[in-house]
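Look at the two complexes coming up: chain A is in both, with chain B in one and chain C in the other.
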Partner chain A sequence: MARTMASTRLTLPPLLIRFLVIAGLVGLWEIASGSGWINAFTAPAPSSVWKGFEKIVAEGGLGEAMAITFATALMSAAIGAVFGIASGYILHIWKAAGEAYTSWLAALASAPLVLLYPLFLVIFGRNMWTIVAMGALGCTPPIALKAKEGLDGVKPVLLNVGRTFNLTPKQQFWMIMFPASLPSIFTGIRIGLLFAIINVVGVEFLVNVGGLGQLIANLGDRFDYPQMYAGIFFVILVSVAFFWITEKLEKWLLSNT
Partner chain B sequence: MAAVEYIGRKTAFWTVGRLRIAGVIAALAVWELAGLSGLFFNDVLPSAFRILRAMGQLLVSREFYEHLGVTVFEVLTSFVLGAVTGTAAGLALGISRRAGDIFEPFIHYLAPTPKIVFLPILLVLFGVGMGSKIALGSISCFFPMALNIAAGVREVSPTLLRVGRTFSLTRSQTIRMIYLPALIPAVATGLRIGLAVSIVGCLLSEYKLARAGMGFLAGQYGDKFAIAHMLAVLIFIFILASLGNAVIARFVRLPGPGDRGSVRLAFDK
Partner chain C sequence: MADVKQAPVLRLKDVAKTFVTPHGNVRAVEPVTLDIRQGEFISIIGPSGCGKSTLMNIVGGLIEDYEGSVEVDGIQVRGCHKEVGMVFQEESAFPWRTALNNVTFPMEAAGITKEERVQRAMELLHLVGLDGFENRFPAELSGGMRQRIAIARTLAFRPRILLMDEPFAALDEQTRLLLGDKVLQIQQELNQTTMLITHNIAEAVQLSDRVLIMSFRPGRIKRVVEIDLPHPRSSKMMGGERFGQLVAAIWEDLREEASKGLQELERVRG
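And then the complex of A and B:
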């Protein structure tokens, strides 16, 4: 695998190249849009997208929209965590149920559950609860799977230590099983939060209610393309940042346990 | 292993089979009781029998097949486009370490972003018709495909590659004779997740704005408050998704959850 050839050549660090690629694309787009190669109305130049960004920050309620989206996603993930960890625990201690339902849970975790949104729309109406429900629905199965996996993987020697100390089942859970399976549970919650954010933004966009998704939908409906592009790039940026932070956090957590 | 333990205890009442049947019955009962409870608006949770009847009515109507055809066409086209471009990108990123170092972070970090927000741009570029749906579906499918293939390429055993070099295989021979066979699990995972997300991409954009397709049809029934019919359409959508999954599983041998001891989720490494 070792590529000694590459290291002898003069090479730029990947980070710099990535930056140059982005800068190049932005520059190209600016030129193409400015010179009329591409339609400047439907694909506004980066400079006017930047102006649009300043505008949605100042008067379009970008900060508020972001707060709403995050609050909704966190609420969904909290609901998902409660139900997910509880069902993961049940599937762990009741072996027969684990055998019977874990594969169903895995199917649910990979099923396109967000497509059930019309049902939730008629149950809850065009409001925040539809969005919370869709977020929670999306993140419960992965959290449950990861919780069960973590609990299944607790080392028997730890459980025996607990038994030696005559721990009650409750103590056994909170003092041994829960801490030992925490890394896996955290992975589940991280994945669950991602699912929740994707679902929340998606449903906000579809029903025109709530935070960032609604903001983009509104700007699109108003044909305000510079602001709409700014909103879209902002959502992408926020979710990339969020993914990056939780990934680093998980690595740190795993290396400290 | 749990199964072995379990067979030992033959006296237990709750066998796996019984639990599964009980699970289905309980789910149906909860649905029916919730519908009858009066907690929800009238007819929001129609009885399963009415949903079955609606499914039957849809199956004999011509309109249903037109919408079904539109959605199947969109999903398949976007799936093929996303899978082909994703595979090409994944191979390039996996084989060239330099390309992987530079460009893979882009794909890795863009993968879990909500793609639906691109829809307004795609509507402008490709119109309200099938074009925008296919575009969103392909973009969605591209990411899991590229990431799984790139990771799969890196996991190809160096021994196999050395064997290839001993036989002085050309680059295309190496790809065809070593990488591709070794990549089947990665391809299978990529295709499976890719299909699910292209379905989501196409259907969500149909819900938002369309003139045809299953998502459009479900939205129309929802607006008319014909909930049984709307649910019937949703059930057909899920049947379609699991059929697609089953087809992939049949053609590409999947590493099932049991083989790895853990279930592979999107965004989990």
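And then the complex of A and C:
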């Protein structure tokens, strides 16, 4: 089994490569920061960020902040799912509206809706409802798009089966259309949840209310950069974990319904 | 099924259909008039695109905009009817339901108790030879098994009139023969009136009381062949002399229509 260097490098499992790259970057940063190439105050070394992390876990209320952010994001996503599925359904049923608005909805899904926060601040005040509303706003367009896509894609023959069994319109929806488009709706909810987290953390940061976003804003105001970076990396990590969990959950749910 | 009704169970009067499309009108079915007796098994055979599925969709109530009339038990109907069940040409098992829950589906919609649904569904799954596969999802089964789920599901609806659009097309020859026997046995037991669409001449002869030969598009009934083979039928008769004669007679008629289809295909390509 003679292998050349090149092929050995290529056959490294992707997972290992992923971590090697991250480890390399962290190492480089540690060296750069420690040797003074970059400003250790505004960009503290990974080792001090880690200490910062230990500190916000112990006394900075990271756990509590995370719980608040999660609860807010989930509530936003739930509201977004209701509005999103309903609008997806309307766009599916009402063909003219579907044609007129679908591309706008796609544009809306990729627009930085987070910038609308002053409007919601005026409506709801500086409290968690502004954040919930902003989260819901962010995840409604992708959920609506995916719901419409799923409903449009239901095979006509499946609907015909329902018709020949004399299903009522309500049964036709809940027993055929909904389950048939569930895979697509799940994908929409998954994307929606991520959009909700982004918006929730963003608005928490901007209006200084709530969970992780506020925590990071406060640490920044106090110029406590090691802890602030620890918070930021934690949010990224949590988002990745969230994405991964919902992906698994989706697979599990689809094979169990 | 003691009372055999004299009036035909199913009567088509000048049923015709033209599809209006952006590319022009397509005359799919020329006026078809047909009486089908209670318990009769008829097959419709004809070249591809001659309007067989269209005719069946009209009878099943899926196409409501057509010329002529369809009567069930002497009463004109339009739209889906509780006496009529359909098995489709395309794959139609619900991928999100297990085999068992596919079969319980029409009973669920009709509000039958769970206990009874499951019991009846298990019987039907046994009937189509799917014992032991109750809890499998369609994706885990073969194409032929999925089609058997669809057949069992339609039978669970207990239709007096059963319409089947090439239900065996996806099956291998052996399974096709055995399942054909099975369907015939069920049909005899329940005295179901059955209309089967097929491309397979031997299958039509094996199963039917009458075979309707449809012409090339626009479809009209070109000839009706009475199948005078004795009952009960089975695939074992396929070697017989009379069987061979009937197949040959039908092929004679069908050949002409099929070659028209082929010619058109060549014209379109050339």
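Odds and ends about this structure:
One rule holds for everything that comes next: the second predicted complex is superposed on the first by the 228 of 257 C-alpha atoms of A that agree within 3 Å, B and C clash if a C-alpha of one lies under 4 Å from a C-alpha of the other, contacts with A are read in each partner's own complex, and residues count from 1 in each chain.
By definition in this document, a residue touches a chain if its C-beta (ideal position, glycine included) is under 8 Å from a C-beta of that chain, and two chains touch if they have at least 3 such contacts.
Being a predicted model, the structure only gives us computed values, none of them experimental.
On the superposed chain A, the two partners chain B and chain C both fit, without a clash. In the superposed model, A:Val114 makes contact with chain B only, not with chain C. In the overlay built on the shared chain, the residue A:Val161 is in contact with chain C alone; chain B does not reach it.
Comparing chain B with chain C, the partner in contact with more residues of chain A is B. Using the contact criterion defined above for the overlaid structures, shared-chain residue A:Tyr101 touches chain B, although it does not reach chain C.
After overlaying the two complexes on the shared chain, residue contacts for A:Gly220 are found with chain B alone; chain C is out of touch. Of the two partner chains, neither chain B nor chain C is touched by A:Tyr89. When both complexes are overlaid on chain A, the residue A:Trp29 reaches neither chain B nor chain C. Once chain A of one complex is fitted onto chain A of the other, the partner contacts of A:Pro179 are limited to chain C, with no touch recorded for chain B. Using C-alpha centres, the superposed arrangement gives chain A a vertex angle toward chain B and chain C of 100 degrees, stated as a multiple of 10. Of all Cα pairs linking chain B with chain C in the superposition, the shortest spans 7 Å. On the side of chain A, the complex with chain C involves touching residues 155, 157-158, 160-167, 171, 175-176, 179-180, 182, 254-255, 257. Across the interface of their complex, chain A is touched by residues 2-3, 5-6, 12, 14-17, 19-20, 23, 40-41, 44-45, 97-98, 101-103, 105-106, 109-110, 112-114, 116-121, 123-125, 158, 161, 192-193, 196-197, 199-200, 203-204, 207-208, 215, 218-219, 222, 225, 227, 230-231, 234, 237-238, 241-242, 257, 262-263, 265-268 of chain B.
Taken in their complex, chain A has these residues touching chain B: 1, 3, 6, 11, 14, 17-18, 21, 42-43, 95-104, 106-107, 109-112, 114-119, 121-123, 142, 145-146, 149, 187, 191, 194, 197-198, 201-202, 205-206, 212-213, 216-217, 219-220, 225, 228-229, 231-232, 235-236, 239-240, 243-244.
By the touch criterion given at the top, residues 60-62, 80, 82, 84-86, 88, 90-92, 94, 96-97, 105-106, 108-110, 137, 153-154, 157 of chain C touch chain A in their complex.
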